[in-house]
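Per-chain numbering from 1; labels A, B, C and D assigned in written order.
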């Protein structure tokens, strides 16, 4: 199997058996991100203690890329600081997935990063008020 | 000289020394036709007796084609009936001139026919009133 | 009569794509035969110049070629007067032109009637008039994917100034009875506009026979180049309409505070036209004519018949498709899904964890990506018909659309590949 | 640095036109180098497909090429953000787009300031707002053919919302000081639009350096294909502006009674774009870059310098010409007349027999026809600048306009031919 094929299998595995799937009770913050154009949706719920994401869960539906990427992302960020999460760039996510997605699927891959960073921002904004 | 060259010379001769140039005193009808896009202008004055163009004169300015064609036209229609004048078609005029004018210059060549036929129409409309 | 393998020989791109590549996105855009590329090249290499106002041979030749292209294409759609054909960039611009120009005559309370199966290009230009109090109504479809004639009658009334409908749906493949629709619209005193973007390329279309007032279509969807489209209009209407864009050839005289418009069609063609595009499209028309539009249609009807048959016989889990089952009323368009993914109602559903999972459905994006890996090009999404996609209760569909260079084996490969996706994602 | 004979080798049409043919109508449209024709051909033969929404390799490649063309062309005019470049059909559509979209924000009493040397495409789109009470003002020219800076200041006031000016006049050849004009307009709080149809093809143009808010130009006037043009706009402005045409790629979501617009630049590009056209224009930009725009400008400056010198030395009866005498402020455009034919005032003059005769003047149409017979292509007429033509007191002019493939011997042939016309018509 080529690297591309292996990475494809990893993504599909995440898609079929998503990690950290579900909702956190009494989350620090919760947020839905939806792309009405293709119907991809993810909802993140986070538990944040002292600026650390102690728990991250998502529920969602959509294509393998959007859902697989969300699952991969939850594994990546658990235990990270909000600061670190806000600094994750698009390239990092795409490199992590390791597939030549092409411009149209990259949006799918980045939906969950958007959702996660928006959640953190919402949490911080709430704190400041 | 080719036919084209001969006809060119004829046209230029009409342009340089227009026939029937001037105004008729007390004309039966008189009318100006002007193309503001290129500035070509002709003014026809006609003497009509019993439906016959007994005298035709024009004054005008513009390119060799518009003015030469006007001069040639006056020679052609003097003595003709208004009926005959109204039946002259564009092809007949273009054939008469005998030059491969191309679409943009054909308009120049037909300005005087338009003016003449409009004059006759104006005369007839006046009669009917 | 029309052997797709032979047809393919005329298209340079199939050399580049190689044997066995199935290009099934013809409703989006089509490939170009050598004769079209040569016509464009020939124009630029031998006649190139600006049209109309040049008093030199080159420009007059270009003007003449441009006119002959106009005549040839207007002839192709059955118009007897070449001047009724306006060159635009694409069907979208054609529809904007007519919506913008006719729209200026609409008053608050006037209604425009379109259908739920319209392409966005026949929706949004009319929506732009909503702020002026114009009302936009939608004819519904029935459960088989046909225009619902009862809904048509229900929505038609004395205030309906304009009826604008698609001839062939780019998602369902439904071929509407344009002649009958035109008759009903005219009986109601409405102007009748036909979106021919998917019909003109695929079947004989005759504006006189149909009786439509306007017909819009795109060159690139009928083997012609990109950047050229057409709007046919009835001369009496075009003459009375205000212009669309200003400048260049569309005016005759310009003074400081007013202008005098040129005649139709120049009145509607602002700026230097795409002469090479018109000539390329004219070459495409000649190429299509060499087969005959009856045969083009027969070929595609055969492909869609085979498609529907294979679908019925297939054992692909949860395969669903949309649109009429009768090939007589159906173009070469096959939109399908593996399982159903409905749009989310953000207000009510998102809190319910269970509703978020797709279950066994395969998202159309995954279908397209997988098919691409098997060298089959299909489109996935809402196909610029989002109201219709939502009306069907889904977020997106995958769509295969055929043309003259597609063959029965493309259809077979398609079904094999769909089966492979279904297995892969369900395993 | 730039040898026109060598340049000509790259243009297939000069093979067809043969040696010694002088194509001097470059302000109307230009010829295409082989590399442009090959880029178009290559796209259709290897990458052809619709852009954006296709999830298959071919479509993604096309999308990528389209984007790279956008980046390359925006780079060429000094914009750092490719998304500020909107593809249109031509400069006329670019100007209509900005006039239509900005115009919707104008109120009765607001003023738009243009100049008397504008092309119709920068006049008529603004006239379309006159019925709404918008006022159109004109900056005058001075007797040397420069913009009259006093007139500019006089016409600028607190109500001037928009200043829209030509960079290089297509009739006079005047090169306006765009940077200074932009500064003055901005100091006044006005939006500054530049019509670059005649400047972008012929000299270095940098939107950042100039500081303009918008820049319009046409591909076909800069060695690119017909049917493609550009509008550059400042991102902050573009983002706040309403869309132009509706449908296709310009929307993100469509519902029955509303739509959500896409981002800039897609918001302004409705329907299937002319991808091949954009790629062809990008190839033209590369071709121009291979010489360097400084050198293109230097070449044409040399030709106009020679032209003005030959004019001064010539003994042609009644030869008059228009525009600045300083080649530093003058593009490669030479508009001239043999004698003066003024427009007719239909009310007052037509009865005077004497006023009708042209006298010794030769009508520009006759000039063009005669030059054509000597294989020199020039344009005659008002050059879509009728207010300027009338301001000059004539009905029309003949115009020679140069580009990189023109040579000093073309200029010499031009003057020989003008002399021949003058003799022929005066004899």
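We adopt the following convention: contacts are C-beta pairs under 8 Å (C-beta built on N, C-alpha and C of every residue); 3 or more make two chains touch, one makes a residue touch a chain.
For clarity, every value in this text was computed on a predicted model and none was experimentally measured.
Relative to chain C, the most remote chain by averaged C-alpha coordinates is B. Averaging Cα coordinates per chain places chain B and chain D 38 Å apart.
Centre-to-centre separation of chain B and chain C, using mean CA positions: 50 Å. Note: centroid distance chain A to chain B, computed from Cα atoms, is 82 Å.
Counting partner chains per residue, chain D shows two or more touched chains at residues 53-55, 57, 59, 253, 365, 369, 381, 386.
Within chain A, the positions touching two or more other chains are listed as 36-37, 104-105. Under the stated contact rule, the graph of chain-to-chain touches falls outside the line, ring, star and complete shapes. Chain A contributes residues 36-37, 102-105 to its touches with chain D in the complex. Only residues 12-13, 15-17, 23, 25, 28-29, 31-32, 37, 40-41, 44-46, 48-50, 53-59, 89-93, 95-96, 99, 119-125, 127-128, 130, 136, 138, 218, 220, 225-229, 245-248, 250-251, 253-259, 270-277, 365, 368-369, 371-372, 376-381, 384, 386-387, 390 of chain C touch chain D when the two sit together in their complex. Partner chain B is touched in their complex by these residues of chain C: 52-55, 57, 59-60, 63-64, 252-253. Within the complex formed with chain A, the chain C residues making contact are 341, 343-344, 346, 350, 353, 356-358, 363-366, 369, 381-382, 386, 394-396, 424-425. Chain A contributes residues 12, 22-23, 32, 34, 36-41, 43, 59-65, 104-105, 108 to its touches with chain C in the complex.
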